[in-house]
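Next up: some structures, all given as structure tokens.
Presented sequentially are two complexes of chain A, the first with chain B as partner and the second with chain C.
After this line comes the complex of A and B, so read on.
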């Protein structure tokens, strides 16, 4: 590993990337950056790495694949009690009575707590009312049945499209309401002048996160100190949330430590500890025994948030050259009883166009949304990218050509061309479907974007690095690894900085007794913690170098630490020998997450492109995604194999969103009708397309490492690319996700008619 | 989906093993063609049974209504099998019963008495790791890892039954296992690599 030296007046670095395979031009720029005093010198496009970017195994892979990994759901203690929550069967009303005594007297019951006060509003079917802890789940279920809850029931509505302020819809689902007048003049003038105009309405249904480990945890009090093994994607956020809530209940609590070493998925739904997180702490306190409370699958579908449904409408125009000159967009989001149903749309196609955007949230009596992998983006990209394909088709332009004409991002320009070649775009578009073919083939594409380069946190996030005399190294963060690979990233960065084998490094995450880190939300964790991890190893290295310099009797400046040894060009100690100088107390340092460098990075957001091929059975209306290709930038790619896993996984989730998933509500009871994995279909092995992805690593120059977020960006494009492939195959768009067989057959019928 | 002839506990053996066998079989004695079963009564409350798990007898206290999954997880601290849907819809609790993959959440613990059970824990013994498990790690056939033990067990059954499975056979044999992170492709890579002797 080599790094530029660090003079006081800044460091010149080379940002950007070398030509993608099959392309000619490097995209490199020089820039001078000012690292914070004491920070590790920046890596850049000329850095050669020994560990970073290689195909190393997930460091906790064996723990997971062998079944040894202990998730919150797996924790047990002597005398552990099990718990459940009584949920409201009423969608809207007021709690007027709650009789808990009979439940308390049931056999094996140790604690019963109310979760709602008499007189409090009940907001949706599944709202938490009371919780019970007892010897086993059977006895707890028996006791739950003895709780009497009375409600003053109000009329409810679970359909956001008939909520107050919802737009008028025509019989065919098109929006039947004039465009707003505010700021209309410019966009309408541009539309009037456009050579080609197009207007259409799009719709997406509610998707549930469907994490496989349900929400919940195991709470264990020791005096006024509490340990909580929680299935969470925000260890520190949940610690703060629960401390405040427990203190608010008058409970004497001196310390709360959250443990989340392994987490069975979150996707945005596990940022708050929720009613279940508070309930398990209260029950364990009341029972004076450890308690486990994990939601069941129906509760997971119905009470832990969702990706909101949305209704969207676009109108736009292009000029004779195929440039977008006007883009008018409005959307309505399904916000549940509270929350946000926001929708985002791409902004890089409409650089010089007159643009207007409008969004309204619509409330109704359902479980509110929570962030889900790129909140607002998959919805908006589906609408906008399908709309763009319709517009391009109307203008007689190939969808890829249309993107190249309008996309102002250089990175994506290269990615479009690269993806087209790898995927076989031209061949896919040229393939003709016979007039009477039973199976129709089509290909489609979509862009992706996200923007997260990490942040220092307040107070600044940190990482602990310990180097022991036996040569082993620890890197520790209190933030959680929900499966993206934080532990692996930390171990690889530490090994890189210390010049040692990654097998010597043990990475630990998820205990709030370690330094703080951000929530796994918005693709924040890797970009935020990678420079702190590096800084910690850098500080540890300095201490070891000093010991070795003293031992060898040479100046500190002459000593380096690389290739598994420490020393000068003339005299070197193998790593194990060098570490023996440390003595019984390890080198124990804390790295800090400094602010990103001042000035412009190579790119402020992340770019990606995906392409999909579908085969549609015209008899059954069944859509099969046969092939997908994705290219994604996430700044510096650290753990390549794991990064690919994340992109491939996002594509599979995209297939699910495009074709399968929808929450179906019973209007009369207000209850979800398909709150289980039998009737709520997610993509399975039979639906799996051939998938390929390419990680587009680039030196972004925003901190000492230059990693950007990866959780969200690849999930933006998939459903849109599939919808466009369906449009290509059918010759008519299906503007409503999921694209189920009934909609396909309807589209085919309309085409024939 | 067709049911292979060697798959599953048959209705007959299910009823024979049932806690309430004496009552339940009366209506179909002729069809089952069984000798009059012994009338045994258990419960209410817990009683001790012995399960043969990974080649060893393990005693565990269960109620008649306790599932095999709860017995493994809560009674024996074998938490590799996960409780995800508790309705046989996701395969996260897959274990092998006499070599056949079953969902432990849909099996009563008592019905597993007298059968050979294999759980994911049986594939790792200290530093000795089954090649399939190694290949799951090598191929990164996991993200959050919560479905992974179930995937490993369904993959093991697929390998043991088919030797060198085709893609279509793997798709079929994994169809009962859900993964939310989206690892199916890499799971199939791990199976293929194991079948080819790769490590």
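After this line comes the complex of A and C, so read on.
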């Protein structure tokens, strides 16, 4: 079916954005795009919206606040068994014996399963050994204590900085090792010619995801069919993973449906079902009863991944005009026993410079990293942006001027100027701290980028749209909303396309019985599913329009759906009346995620800028972040309030990363010491600065909606901006996150010295 | 949690009787005890809940002599909000009650519970570690391990710190405590509640089995007395102090005539620093004097590998407290 609005020679759209408040120039471009046959016509910079972009509340906010929203953790059934996992206390070795029989005989125990075979390697403290299900957690814990696990213990190391191939560090923490020779000639020649040169080493500690809902789920078998309520950010991925694993164990399984309608956060840690996901299915199968297995906070901190620590070093030079001419970067990531501790750095400052980058992962005997909001970016941006401020300071250039001189992105050029004005950058830089001041003030900035415009999926992702005779509308995706707002986005897009009130639309997510969608990873869900949602509503609308046209006796082409009614300019039916034409079978259509339009979108990635102000007590070393401002582009802003919430949330997480969070390991035992919420410190409400953000909505022209996601983009800049503000306040950088009082005092002492 | 017998006494005598039995723990609000029981760090056979005795053991009152009686089960919120604590000489006590944990905790946590807290040492508090504390192992693991939050002063074989916020100001205010044991009420100096030798095998307090703290007593303060309490943390709320200091001073004619300085969170006991305080007496307040007192308060410090920052911060907190008390 081809829409009349799609001529074969394409559709001309206007991409870009109108001047930001206080600025003069619009950044608009015209382009012709070729929507797929049957797709909804593209929205662009000239589209006027009734619903999209408005400040609506989260559609499931009340359900969540009132407890009606049921998370995996909340699921319960008659006869539900509780379960726990026996964890290795050994950091490295081999499992040589596992005696489960005594545990099986303990009172109230329904099932015990081994999670490791004899002879298997044990890789870190917390590695899963066996799992037990029983009538309550106390009896299960009793049984866990009766399991005898024997190990052949090997020497372990949990400090990646002393792992094999780790670089040598000088006493002051700076890397004390020659730069590699490979591809060195160009960058060294450019450095030699530079007017100003700088070299420094940076470090970040391990941050855990700390989702409020821990990992785990509730499994319930019915014959050979399994329903699993799982706290996950990848319903379809986990379904595939668990089907393979269960079949691999020889279990007869005909159907597996994952339910994740509400998920209490993931931040990247819940893409795999993990040991606990498989264990709960196996226990429920063995016990022939529903089983609940949710991790406790210590397990959550120690076995479900983390944002890896990293050691980074940069050297660079600028010419007389303050242009970066050489940028040499190397990093080492804390990869755990397997996995990647990769680090990314900005590439838009160094367009014409000689650039070299090198990264190595260092393995040691800890839980490996998992993606966490912009994997590798907050680490690298902290190092690179603080390094650039140090370089600019050495060259006598204001950090903002330095960015404007070197940043090649037009969007960010506008954002830098806008943010500077809104935040009061010049006043912040000009503020003088008295020589003997107890409190030092400073301001800092950082850029951000992320690049994801969604993926169609193979086969393509879809969305179900149903329009019922009673006027209610359903929009359904099998993908998960991990709390950021997919349901609200789907409801708003559907209401926009149908010209109705959002309250008429019920959005449902997270059941794999509904059409497929991507994992919540890489900020892909909104850009992947927003055009599919719109397409579904568009198809439903066409069917309703046909019914109404027939009813009114007018041509289909004359009928539209807007303002809560359906009809022509002369004769219109209110939405409720129009829907009565549908009959008992609802309009039930499936929208599709088509590929992005061929050709260049307005911008291939997302741009952002953040600025921060700090006040530091020089007597105690205590850093208070007092103000932060962020401007963030995510293509078309659909649900403004939720988009802002994503940006502000990322800034809060950034304060926490900059000042508070760090995993502290006991080297002798290989065990995390602060695996709770008392000593693993997370920014609290009293620590929050005044936060403000501005959503930079732009028409990106990559699909019919043109949206991007916000999981990663706003997470990139915050810690870097805070570290730069600390540098400004102290006059000397703190090159190691988190910036705790002891490090500030050290920096102050080095300044005096 | 392991199964246990839960005793709900109707009278103080009944509670005291039950508390004397072997392997029995007394529970106030249970803020920390319940957590430790859930983690099986503590597996008592019997728990005596003292909260039903609130009518007798909670509340703040001032007697005819101006002495403040604080019932053991008074919550931190009740203490902080009591009008008697508006007096400037009690500002230290009020401040410490007000900055403990969060409003949720303060609404439940009791004064005696705060003072009798179990250590927060991350080695002691994990069943995975077998350290010297409580005789579970041969050495203090924190001494040579990760010790950024541990003691810098007054430690012997165990480098835990005493976590109570209320103890330093109460000591500075010369408080006493009453207990009930074997039907007898005893009243002693608060300093006697803490072990003279804070060694690994000694608990955080000197109470006998079944001995119940019934009240704290803060004597009427001298004329012109002022007090203040400050602490350093890594977060602005819901965080443990890294260092703390309570001071009480008496200023007469522009000079200190009496002074007390008590440190918290830096030693296994809340730690009075009489030598440092003595430097104040006979002197007029000045920044240089406060610095000198702060230095003296940490004069015999022995920091560990990761906590020498506490000396700098701790001294700053002593100065802050003195500034606040003389403002």
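Methods note: the second predicted complex is superposed on the first by the 748 of 753 C-alpha atoms of A that agree within 3 Å, B and C clash if a C-alpha of one lies under 4 Å from a C-alpha of the other, contacts with A are read in each partner's own complex, and residues count from 1 in each chain.
Keep in mind that, in the parts below, contacts are C-beta pairs under 8 Å (C-beta built on N, C-alpha and C of every residue); 3 or more make two chains touch, one makes a residue touch a chain.
Just so we're clear, the structure is a prediction, and the values are computed from it rather than from any experiment.
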Partner chain in contact with A:207 - chain B first, chain C second, else both or neither: neither
Which superposed partner A:660 touches (first chain B, second chain C, both, neither): second
Superposition-derived comparison: chain B or chain C, residues of chain A touched: B
Chain B versus chain C as contact partner of A:605, first or second or both or neither: neither
Contacts of A:740 with chain B and chain C, given as first, second, both or neither: second
Which superposed partner A:89 touches (first chain B, second chain C, both, neither): second
Chain B versus chain C as contact partner of A:138, first or second or both or neither: both
Touched partner set for A:683, first chain B, second chain C, both or neither: both
Set of chain A residues, in rising order, touched by both chain B and chain C: 138, 678, 683-686
Residues of chain C defined as touching chain A within the complex: 1-3, 40, 120, 122-123, 126, 128-129, 141, 145-146, 148-149, 232-240, 242, 309, 312-313, 316-317, 319-320
Contacting residues of chain A [partner chain C, same complex]: 89, 138, 141, 617, 619-622, 624, 659-660, 664-669, 671, 673-674, 678-679, 681, 683-687, 740-742, 745-746
Footprint of chain A on chain B - complex, ascending: 63, 65-66, 70, 73-74, 77-87, 89-90, 92, 119-121, 123-124, 129, 133-134, 136-138, 140-149, 152, 170-172, 174-175, 177-188
Interface residues, chain A side, partner chain B - complex: 57-58, 60-71, 73-74, 76, 136-138, 210-214, 262-267, 294, 296-297, 482-485, 641-642, 644-646, 648-653, 676-678, 682-686, 688, 691
